[in-house]
Structure formats: structure tokens, C-alpha cells
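Here chain A shows up in two complexes: once beside chain B, once beside chain C.
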Partner chain A sequence: MSHHDAVVVGTGLAGLTAAVRLAESGARVLVLAKGVGATHLSPGTIDVLGYSPARVERPAEALGALPATHPYSLVGADAVAAAVTWFKERVASGSLAPYASVGDVDANFLLPPAVGVPRPSAVVPETMAAGDLRDGDPVYVVGFRALKDFHPALLADNLGRSGLGVKARATELELVPERRRDVNALGFARALDDPAFRGDVVAQVVTRLAPGERVAFPAVLGIADPHGAWTALEQGLGRPVFEVPTLPPSVPGMRVFALLREALRRAGGSVVLNNVVIGAERAGGRVTALRTRVGLRDERHGADWVVLATGGFASGGLELDSRWSARETALGLPVAGVPGAGEQRFRPGYFDDHPMSRAGVAVDRELRPVDAAGERALENVLVAGATLAGAEPWREKSGDGLSLATGYRAAELVLAASTAVPAAAAGS
Partner chain B sequence: MALHDGHDVLGTLLMRESLDHCVKCTICETFCPVSNVTPLFPGPKYVGPQAERFRVPDEPSPDASLDYCSGCGICTQVCPQGVHIAEINSRARAHLKATHGVPLRDRLLGRPTLAGRLGTPAAPLANWTLRNRLLRLAAEKAIGLHHRAPMPRFAGRTFQRWARGHTPPQAARRVAFFHGCGTNYYEPRLGEMTVALLEHNGVAVDVPKQDCCGLPLQSNGLFDDARGYVHRLAQRLAPFARADVDIVGTSTSCTLMLKREALEILGMEDDADLRAVSARVFDICEYLVGMHERGELKTDFEPVPETVVYHAPCQQQGHGIGKPALDLFALVPELRVVESDATCCGVAGTYGLKREKYDIAMKVGAGLFAQIADAAPDRAVCDSETCRWQIEHATGVRTVHPVELLHRASGL
Partner chain C sequence: MPQLQADVLVIGGGATGAGVAWDAALRGFDVILVERGDLAEGTSGRFHGLLHSGGRYVVKDPVAAEECVVENAILRRVVPDCIEDTGGLFVTTPDDDPAYGDRFMEGCRAAKLPAEEIGVAEALRREPRLNPAIRRAFSVPDASIDAWKTVWSLARGAAAHRARVLTYHRVIDLHRSDGAVTGARVRNELTGEELDVEAGFTLNASGAWAAQILHMAGIEDVGVVPGKGIMIAMNHRLVNTVINRCTMPADGDILVPIRTVSVIGTTDVRSADPDEIPVTQDEVDQMLDDGERLVPGFREARALRVWAGVRPLFQDARAGEVTDTRDVSRTHAVVDHRKRDGVDGLLTMSGGKLTTLRLMAQDLVDAMCAQLGTERPCRTAEERPPGNDDGEHYRLGSRLRKREERLQEEQLICECEMIGRGRLEEAIRTRGTTNLDDIRRVLRLGMGPCQGGFCIYRATGILHAVDRLDGAEAAESLRRFLEERWKGVWPILYGDQLRQARLDDWIFQGVLDVEHLPPGEEAAA
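What follows is the complex of A and B.
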């Protein structure tokens, strides 16, 4: 049986954040996961709090008004701000440098996603910041006909209807990397790592621009060298250029994964995929080892600390059966907030406040899971990310912020409480 | 539902039905090393969970692009929903090949023991033939084996023969060594070093008679023939497993075959011998790390003042055991290890040897080859023999199994 200072379960934003923070502080970290997490599907922004329930301009201030059971309230606004600062440093000093993220928890950007409905977001890649719709400059939306996941005319029309007074026009380029018939966002991002392809794009777009227009592209401006691709287009076109997130695979999300994965590798942490945690060995209110199954063999992974970041119902971290019995799949932790028999579970409108939607693992202020009576269930297990009860990320626009803040806070709590980590490193 | 969620869902029906868990997130497509370098392969999601819905038993397969899947298995590893994409594709390819016919080349590449038995007694001639450009061009024209494809050298002797003359010392522990065809015919020295390393650590090594694990046949879509090989090998190894003797192997793709792939892809979940073997088979580095965790590994390693690039091959990653070689290298003083973060060397067993796939394989491996060139290492290290041959072919850097470094660091 292996033994690590900390075993993190899950490779999404929460799990990777906790793992990198722990490993960089000197802890021996193992990440166990079923597969790659939701970073590949996310827009690469950190949406801390977009609606509460009205649109939020200043997330740091709005955090204070959330219910006491909300994960943000449990970790506190300072921890959210610290996590955001840490994330920005990780990006700026990471394997894609000088690619950077901009913004902070004090104010939201208002950015257009692919369908054009404005989206409040606190921290965004530098390549997206010029898309802020509070800036009234007109937008020229450039797409690629071969990229089926991005429709410039739809975005331009919806921007015109957004009520923000932003005028937009659209065009589609016929450029296709490697003469392929079917190219996804990643295929175009690879092409835009190549200066020659950037030059082709500039040559086709530069003559079509009207005075004062900024230029929107699908978020495919480079995967290995996004800063280079973005600056080359800005310089070549002589205009502000910004990326608009696409359908998956999301290139900016993949950049986040690559950055954190590489940071973890450099810090000596390891990731093992296709390892689904199916149970744990316990002793006196602590988990001593996690069990996984590979082929016909059960494997055990000993740990002083466990950070559980397996995601919610969509990722399989939580499961709901047809009899309305919910379970947390790795450790069998109690799931709080599931409406009982006879109680209303869902409301009719898609964006309504559904009673079921805050279900998850309830935790105390130190992210330890608690039972129905509010008593701490396990001493050395911390829960982070979408597994947590009390939030409604899709209504709040808070998913990435929650994962980042709770993953970071979990690592901080482990470092503060741990004796297995050298004191000097833990204090850094 | 997924194989690894604790339920025993081995079996072809459930393996296939894992496709219902596909949410079209495209994560597999972003990691696929083949579709990322060639438009000839449209990607694992497309030919896997999507196209599988259009494949009907007893009807022709709708799309031959599936044959460009290299079978590296990375799609299954990264899938967040537990879909057995690579396994579904392997099975579909067998059906495709059964419909279209299997070329002579693939039948030959699928049987390394045949080549081994013929080539070993005539090693000088065989090695000359394999390195003669005119003959290789003729072979490319005749059967479609690419004339530049990396070919191993026959050692001219077998590891089995060495093992028969070797008397294991008395030891408290015992393992059975599944050495595979590569060690037997091409790299017998690796087998000898493995035995020496294990004996140095107080483990006696049995070398049972054995034949191919059937993986190359499986990769080439010849499932019935592959099952025969697996069944015979499992029969040979099962008595050890049933006597609580662990089975260790140096060929990481072949141990994966016994551990997982034959059960999942060939649908041999009812083979009692194979089940017994599967639960007891270990990749050699996995086994050595286990010994280290139990305090059974001698760690007074001598310094190895070298820089090496370590590449964990796809099939090694398929074990789901991380990179145990790196944990072992960390115990060796002065050894500087550069970890490759490339996914695949391209060769994928026999894929990169084929005329129509050689260039694709070299493009797939380009990232790895560049990392090795950048590091300018004393040698490269990789757990899989076909990958080692591909890396040496592409980079000119001598490439060894992790055991070779550990053998040296142990002062043997």
C-alpha cells in the first residue's frame, strides 16, 4: 500500500488547485481520478459570483450577503480573494507565461459568451478582457466556417439585442488548418500557434474592419502559445482582440488544465487516472486509506489527509437513484438538502430556484463533512468543489470560483493542521 | 457501471453499453494522439461511442476510418464518464477486419513467436535481412511493412534457454516471471537483469514455459487466435497464482493484457485461469514499488550520474498505477530524471510498422522525440519494448527498460 501526505480525489479545478497548493508546499500528493475533469469544458474564467439573485457588479461585496450555509460563507471572503490571487500568480508564472489572467474579486467583467448573453466574470484570461460589453465600442465578430461550434452571426445578432448598445457585425473565414473537413476548437488553436496561420487570418480580416471596431474571435487563439497568438492578432489588426468561449472542447479551459497539471508535475505530485475511489478504511473518525479497483484487484492508497473533489451529480461524485436516495459515491458521506417524501423537489421553470439544486455534502467551516446532526463525520477528510451542499453554481455563475476557493482553502487547512509537512514550507 | 467502480461489470455487453455514459464532452478527442496529427482518423468519440450506435451485428461496419485508431487506450484513460472507448473500438475493429479480411502482414505481425522461432537460429542472416534496404523495400511492396519501420535485432539465443540453465537461490519470497516474447527473442539480457535484481532483493524467480500473450493478434483484430494464446498462457501461469505466487512481467503491455485487456476486449471474463492470473499479475516496477512500500527493497543504490528522459508508455498508463518507475528512480543517487509529458511514441505495438501508418506514427511521436532531443540525455527509459525501438529509431538515443538502470544502481 502506498502512503501519501495527502490524496486528492478528482482532477477538476478544485482537485488540481488543492493538489498543486499542497505539493508546492512540500507535501507528497497523489491525485486519484476517474478521468480528466471539467476544466476542458469550462471557459477558463473564474466566475466568482455573477448573480445573487440580481446581476452582481462587485462580487467581493456580494459574498457577504450569501446565506451562512453557502460554501463561500463557510470559507469566508478573504479565502476567496486569496485563492483568486494565488490562481493569477499560478497562471502568470506557469508553463504558458507570459499568458496571464486579469481582474479580481472586487469587480466583474461583463463578457459575451458564444450566444451573446452577457456573462459576469471576475477573473478572465488576458485574451478575453477586451470583450467587456460595458465598453460600448462596436465589435467585428470573426468566425471560421469549418468550426461548427461557433456562429459569428448569432453572436453579433444577440449582441445587438442585448440592450447594452454594442453594435456588432460578423464574418466567416474559409481558412481551414491542414485542409481538414472537420476541425474542432483545438484544431484551430493548434493552427493559431503557427505564425503563418496567424498571418493568413490577419491578411483576411484587416481589410474588412470598420473604424473603431474591436475584433472578437472564437476562443481558439493558441493552445501552446496563446499570448503569442493574441498579441500577433492585436498587432497585425491594430485593434483590441478578444476571445469568446466556445462549446467543448474549450481551449481556454484546456489551458487551465495544462497549467495546473504542469505545476503539479513540477512540484512532484502525481495523477493516476481510471482510479475510482470505491471506499475507505477508517479508524477512529479518520480515513486511513482509500480503496480503488483496477482490473480484478483492489488497491489501497494510504493517506494522512484526503481532499474529496469528485464533483456533483453531473460528474458522478454524487448519485441520485430512482427512489430519491442520494449518495456520495467515494466515501458514502451523507448528502444534505435532498427534499424528503412529499416535498417539492423541482419548480416548473428551468432557471427557478429548485429545492433539489443545493443538495450535496454538508461541511463545517473547516470543510470537514458533517452528519445530519451537524457533527463532524471525519477528521482528516476535506470536501471541495461541486460536491459541496449549499450553492447553486449555474444560477449564481459561481462554479469556477467555488471550486477554486474551496480547493485552495482545503489545502490551506491541511497545511495549517498538518505535522507531516515541514513547518517552514507549511508557513509559506 | 464502470469497470472500476467496484462492481464486476466485465463482459462484452456491459463494456459496450458504457457508451451510454458518453456525454459528448470531447475530452477524449483532445487527448487522442492520432486524430491530432492526421485527418484520416476522425477521433475516438466519433468512431467509438457515436459510430458504435450504427454498427449492427452481421452487417458491414459503416466506417473504415476506425482502422486508423492505434489502440493506445488514452481515450479510455481520460474519459471522465468511464466509457470504455478504446475497448469498444478494438472490438469494432475486429468486426471490421473480419468483414474486410486480414492481410498477411497483420497475421505475421500478430505472431511474434513465429518470427522469434524462425529468426533466432538464423539471427545473423535475419538481422541482415531486416536491415537490408532493398529487401525491406521489397517487403514493403510485397506485404506493406514500411521499409523504415523499426525492427528489433534477434539475439540469437533465447531467455528461456538461459533460465533453464539458471538455478534460483533459496529465498523466502518467490515470483513467477512472465517475460514475454520481446525479452525471450530480442532482449534476453533484460530478462537476466530482472532475475538478478529480484534475487538481489531476496526474491527467487521461477521462469515457467510460456508463449505470446496474444496482444499483437488482438491489436490486429484476430480475436479468436488471440484467445487461444491467452488461454494457453493463463493455463501456464494460473498454478502460480493459485499458490499465492505473484506473477511479474517486464513487458508492460503484455502484463496489461493479462491484467485487464483480455478480460475486457476479448471477453474472456469466464476463463477461471485468466481471472486467477489477472488478480496476481504485476508490472515489474509496480511490484518493486510494492516491495519498497513493505520495506523489502534494498535501497543502498549506487550513484548513477546520468541524465535520462523517462517516457511512460500508453499501455503502462493503462495499468492505472501511476509511474512507479519514477518512484524507484528517486531512490537512485545522482540520477537526473526528466519526465516526458508526451502521450505516445506513435508505434502502438505494430501500428507504426505498417506502410500506411508509419508516417502517422512518427508524427504522433514527434513531441516525445523533441523532448528527448531537448534534454540531450545519456539515455531514454521506457517500459515497453516496441516503444523503446521506436524511440531509438527516431532519436538515435539508446533507450532502456527501467530495470536496466536499477540493475546497474544495485551494483550488479
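What follows is the complex of A and C.
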């Protein structure tokens, strides 16, 4: 059985953030996960708070108005700001540098995703920032016929209707990598890592631009060298260029995953995939080891601290069975916010406020899981990310911010509480 | 006011109406069919997909059983492509009386239904997921039938014989003159435009909505008892043979494998209004328990979608109150309004079921011919409507085979249902619709496991490009699709389908933020 100062369960933004933060402080960290996390679904922006319920312009201010049960209220606005600063530093000094993130918790950008609605985000990749719709410059939207996950004319049409006075036109290029008819975002991103393909794109677009237009592309501008791809297009076209998030797989999200995993590796931590945590050994209110399933084999991993960041119902961190009983799948922690038998779980309108939507693991201010009576269930387990109760990440546009802030805060709490860490730090 | 003229006006675009239009057009009548929504959007598109062998009715309703036996064989011949020859089993579960099996076999013999008792071991060999505690098993010629495909095929066939099929045209009034119905005023539900249809004869094939039509003719005391039934599509072919409980008809007694899913049905609850048929969590729970009885582990399987349909069960106010809708006969009858109400030029089809749609159409058109004093023989037992030319039954996997032949040649828009861009663009063009839901019913777009999570944004983009929908219309279409889809998933959101729904929320709310798309009105203002 291996033993680590901390075992983090989950490789989404919350888990990786906690792991990197801990490893960089000298802790011996192991990340166990079933597979890659939700980074590959997210737009790659850090949305701190976009709606509450009206559109939020200044997330730092709006955080204070959230209910006490919201995870942001538990970690506090200062931790959110500190986490965001930390994240930007990791990106700027990371494996994709000089690729960087811009923005902060004081103000939201208004960036269009692929349907063209103004979407609030606090921190965004440099490759998206020029899409800010608070800036009224006209937009020329460029799509690729072979990329079915991005429809430029629809985006342009809706931008024109956004009420922000942004005019937009669109075109679709027939350029295809490898002459296939059906290429996904990652296929285009790899093609755009290649200067020759960038050159082809520039050559086809540059003559079509009208004065003053900035240029929108689907978020596929490079996976290994996004800064290079983006600057090459900006220079080649002589215009501001920006990426527009669309359906998964998310290339900007993959960049986040890649650079945080690389940061973890540099700090001495490691990620092991295909490890499904199926339970824990406990002693005196503490978890001493995690039991995992690797294929048909069972393994055990000892840990002083566990950060649980397995995600919510979307990622399999939480499950609801056909008798409507919910469970947290790794450690069997109590799940709060699930309507009882006979109560309504969902409402008939898709955009209604659904009683189930804030279900998750309830925690105290130190992110320890609590039971229905509010009693701490485990001393050395901290919960972060979408597993937490009390938020509605998609509607609030807060998912990445929550994962980042709670993952960061979990690491801080472990470091503060831990007396085991100095020994490890001394050894590193 | 624009006017149209025809020999026959058919009201209702479900299986009955489409069958009637096909039948009458084949006999040389000039036909107009009006449907308030899309074809097969009502009861016909909301059933489990069973082509009855008749076994369900042999004990309780022998007339219905005999009709099914005959019609099952005819439909296999005339619409083979709409049918998968799954075969069926009646099984005695531990909760059922084994003696019913003897009555069942007796009934089969009387109805000339080719049934055979097979050993439990043989039944389990054919269907390994079947409850191993079953005590008897009987093999029957059940099959599954694609209602959308069938109705569309009949409607196309009618159109090929000069029938005019007007979808999204709602009857708002019946014209009457000298005690006869002479046509109807209809409203185009998409444009709001009204028009008059003058017809020598009006055939009311509106099923559960028939009473609303008759009301317009001043006929008040024929009531329809809408019998609500819920069905759940499970994400897999839990079985490859239709599985029936060998007992008197009850809730949750049938599991139908159709295309890539299996559908469990159904309940039978009296409903006040055919347009208000909500599904409750309790009903879902009951259906899952019933599924567990047929296939252990049913609750662990993934439920894909739930819906309710309304049977067109008729209640003649002169025949007394119906308390249990299950006791209403499943046979059909032509309501002769000349004899009953002194109203000429109008006949109503009452009751019936999809399996006997051809016979129902024949009986209705025969009755009309009799009133008109003309003799024109029915040809629907021999003629095949379009799409059934090669005489082959549908086989699971045929779509995959076609797709594999052209795998690298075009974009796949809906991975779940294997719909290529070409087919989608063609459907948009030929249907002339901007409604994603209409396209869904024709292509099965968005009906697979992800319930449109990926393909619906793509299809919206393509609709926008091909049809030149403006952004507001595209946004509205997207939002409407999400709302419609949600109605069919929220009562069954648990397990993997909840997980899928959360992923879809991630896409539509988290990434695309469809909720905040500017509405159409703002653009107009």
C-alpha cells in the first residue's frame, strides 16, 4: 500500500488545483481518478459568478450577497480572489507560456459562446479576451464547414440581436485537416498548431475583412501552442482575434488540464487514471486509506489527508438511483438537498428552478463533510468542486470559479492544519 | 377566404386518418386530410410500438383478437419496412396464475392465432434476461411497428394518389347545410390564415379528440373517454422479443423491443382532457416495478424517455357510465351520424388500435361508399404504400449498415441515431419546416441516449444556414426543443440518464447559455 500526505480524488479543476497547490508546498500528493475530468467540457474560462439571478457585472461584490449555504460563502470572497490570482500565475508560468489568462474577480467579461449570447466570465484565456461584447467593434465570424460543432452564421445573427450594438458577419471555410469531412475541435486545434495551416487560414480570411472588424474563430486555435496560433492569426490578419467556446470536447479546457497536470508533475505529484475509489478504511473519524478498483484488481492508498473532488451528478461523483436515493460514490458521504419521497425533484419547465439542482455533499466552513445534523462526518476529508451542495453552477455560471476556489481553499486548509507536511517538505 | 374542394375531408393525421386518406385515395376519391399538428403527433406517435398478434385480447376481447390476427398478417405484407419481426412471448410470472395459460391457449385456438407453448428453458434461451422464475411461456407472432414511418408512408401514398395532406391545420368549425356536414373551416396554425374546405363527405378520424369535432356539428352526447397510458423507453434492447405477461390485461404488462430501445407499457387511467396527460413520479415508479417483474435488474437499466398517450375509447352517453377504461372494448366501430343523429355527410371512427388501422380505414370508407351509394372496392390489403417496395422487414442494424458504407463521406450530425448531414438537409428541405420537433419525428434526430445534447445545436445551426431562419427563430426553435425534451425526461431522471441530463445542462446552460438568448420579441421591437 502506498502512502501519501494527501490523496486527491478527481482530475477536474478542483482536484488538480488542490493537488498542485499542495504539491508546490512540499506535500507528497497522489491524484486518483476514474478518467480525465470536467475540464474537457468547460469553456476554459473561469466563470466566478455570472448570474445571481440577474446578470452580474462585478462578481467580487456579488459574492457577498449569496446565501450562507453557498460554497462561496463557506470559503469567503478573499479565498476566491486568492485562488484566481494563483490560477493566473500558474497559467502564465505554465507549460503553455506565454499563453496566459486575463481578467479578475472585480469585473466580468461578456464573451459570446457559439450561439452568440453575451456570457459573463471573470477570467478568460488571452485568446478569448478580444471577444468582449462590451466593446462595440464589429465582428467577422469564421467557421469551418468540416467542424459541425460551430455555426458561424447563427453566432453572427445572434450577436446582432444581443442588444449590445455589435454588428457581425460570418463565413465558413472549406479548409479541412487531413481531407476528412468530419473533424472535431481537437482535430482543428492540432492543425492550427501547424504554421502551414495557420497560413492557409490567414490567406483565405484576410481579403474578406471589412475595416474595423475583429475576427472570431471557434475555440480551436492550437492545443500545443495556442499563443503561437493566436498571435500568428492576429498578425497575419492584422486584427484582434478571439476564440469562441462551443460544444465539447473543449480545447481551452484541455489546455487547462494539460498545464495543471504538468505543474503537478513538476512539483513531484502524480496522476493515476482508471482508479475508481470504491471506499475507505476508517479509524476514529478519519480515513486512513482509500480502496480503489483498477480494472479487476483492488488497490489501497494510504493518506493523511483526502481531498474529494469527484464532481457532481454529471461526473459520477454523485448518483441517484431509481428509488430516488442519492449517494456520494467514493466514500458514501451523506448527500444533502435531495427532496424526500413524495416531494417533487424536478419541475416540468426546463428553465424552472428545480428542487434537486442544489443537491450535493454539505460541508462546514473548513470543507469537512457534515451529516444531516450538521455534525462533521470525517476529520481529514475535505470536499471541493461540483460535489458540494448549495450551488447551481450552470445557471449561475459559477462552475469553474467554484471548483478553483474550493480546490484552492481545501489545499490551504490542509496546509494550515497539517503538521505532517513539514517533514515531507524537508525531504523535497 | 381561400377555398378548397374535395370529395372527402379526413380529420386527423394519426394512423387512422392517414390510413383513411390512403384507402379513400386508392379508391379514386379526391381527398384532403387536415391535422392540427404534425402527422402522428398524437396517440399514434405515443404508443409502445407493438404490432399485436392478438394474444393480448384472446381471453377478454375475442373480436379484437380475431381482428388483430388477420390485420397483423396483412400489415406485414403491405408495410413490411415499418415492421420488425421480433416475435412475441406471453410469460407467466410468479405473480400470475398459471391456469390463465390454458384459457389463453383456448382463446388463441378460437381466434386462429398461431400460438405455441414452449418450455421455460427454451424461453430463457431465447431471452436470457427474462425473469428465470417464470412458470410458462407461449410464443406468438407479435412484432414491433414504427408508427411514424407507417403514418408517413400512408400519407405519402395518399399524396401520390392526389390527396392533399395539410398538417398544422386545425378544424375550427364544421360547415352544415340542410342537416348535412359539408366541410370545415380550418386554421393554418403556423400562419393563422383560415380557409374553407368544401367536401362531399367528412370522415372524423380524430381519435381521442373526436368529441371535440362532433361538438362542432352539434352532436353532444358522444363522449370520448381518454384512457391515458404511460410508456418508458429504456436505452437498450433488454429483450429482442416482445414480452407480455400471460394474465388478464394489466398495467406494465408488456415490453416491446423497437429499434435500439425497448419500451415498457402501460397504464390505463381515465383522463379528463386528451391534451392534459401529465406523467407522475408514482406512475413511473409503478412501471419500473412492473419491468422488474419481467426482467430482473430493470431498475438498474437506463431509462431514456417517458411519455403518455391517450386511447380513443368511446363512450356513448346512451350506454351508461364507464368506470374502468380497460373494460372498454378495443375493437372499433363506425358511428353512423345519419342513423344516430340525423346528420348526413359525416361518419366518425370510434375506438380501435394501431394494429387494426387498415381495417378501420376500410370500414369507414366502406360505410361512406354505402351512404353515397357507390361501390368502390378497398385495395389496401394488396397495395403497398411508398417505402415498402422491397418487401423486406426492418432489421436492427440496417441503419448502421447503410451508414458504414459512407462512413468517411459525410458529417454525422446525430451520432446516437446515425443521421448524416445530407439526410438532415434533405429533410429540412422536403418537409419545409423550421420546427426541430417535426424533424425529430421524421429522422429520429435527438431521440437517442443523449436526447439531443450534441445534435440539437448542430441541427439548429444547419436549419439556420439551409432555411435562412433568422437568429430569433433559431433561438426559439432551440429553446422549444429543450422544453419539449425536458417534458419527456424529468420524471425518469435517475441513474445514467440523470448524468446525461446534467451533461446536457452543462452544454446548453453552462457553455451555450441558451437561457439568456435574446427572445424573438426583442428583436422585433
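Throughout what follows, the second predicted complex is superposed on the first by the 419 of 428 C-alpha atoms of A that agree within 3 Å, B and C clash if a C-alpha of one lies under 4 Å from a C-alpha of the other, contacts with A are read in each partner's own complex, and residues count from 1 in each chain.
Everything below uses one rule, namely that contacts are C-beta pairs under 8 Å (C-beta built on N, C-alpha and C of every residue); 3 or more make two chains touch, one makes a residue touch a chain.
Given the structure is predicted, the values throughout are model-derived calculations rather than measurements.
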Combined model on chain A: chain C and chain B, fit or clash = fit
Key: First (chain B), second (chain C), both or neither touched by A:Ser2   = first
Message = For A:Ala114 in the superposed arrangement: first (chain B), second (chain C), both or neither?
response = second
Query = Counting only touches as set out at the top, which of chain B and chain C does A:Gly316 meet: first, second, both, neither?
reply = both
Inquiry  = Contact-wise, after the overlay, does A:Gly163 reach chain B, chain C, both or neither (first, second, both, neither)?
reply    = second
Key: Residue contacts on chain A - larger count, chain B or chain C   = C
Partner chain in contact with A:Thr246 - chain B first, chain C second, else both or neither = second
Partner chain in contact with A:Ala65 - chain B first, chain C second, else both or neither = neither
Request  = Using the touch definition from the top, say if A:Ala97 reaches chain B (first), chain C (second), both or neither.
outcome  = neither
Task = Once the structures are superposed on A, label A:Ile278 by its partner contacts, choosing first (chain B), second (chain C), both or neither.
result = first
Query = If you stack the two complexes on chain A, which partner ends up touching A:Asp182: first (chain B), second (chain C), both, or neither?
reply = both
Query = Could you state the shortest Cα distance, in Å, between chain B and chain C after the structures are superposed?
reply = 5
Query = Can you list the residues of chain A that meet both chain B and chain C?
reply = 38, 41, 180-182, 248, 315-316
Key: Contacting residues of chain C [partner chain A, same complex]   = 278, 281, 285, 288, 299-300, 303, 408-413, 421, 454, 457-458, 460-462, 464-465, 470-472, 474-475, 478, 482-483, 485-487, 490-491, 493-495, 498-499, 502-503, 505-507, 509-518, 522-523
Inquiry  = So in the complex, the part of chain B that touches chain A is made up of which residues?
reply    = 2-6, 10, 25-27, 29-31, 36, 39, 42, 76-82, 259-260, 263, 275, 278-279, 289, 293, 317-323, 326, 339, 341
Inquiry  = Touching residues of chain A toward chain B in the complex: what are they?
reply    = 1-3, 30, 33-38, 40-41, 178-182, 184, 186, 190, 248-249, 254, 262, 265, 270-276, 278-279, 292-297, 299, 315-316, 329
Request  = Spell out the residues on chain A that touch chain C in their complex, using ranges where they run on.
outcome  = 38, 41-43, 51, 55, 113-119, 146, 148-151, 153-154, 157-158, 160-163, 180-182, 245-248, 250, 312-316, 319-324, 344-351, 356, 393-395, 397, 399
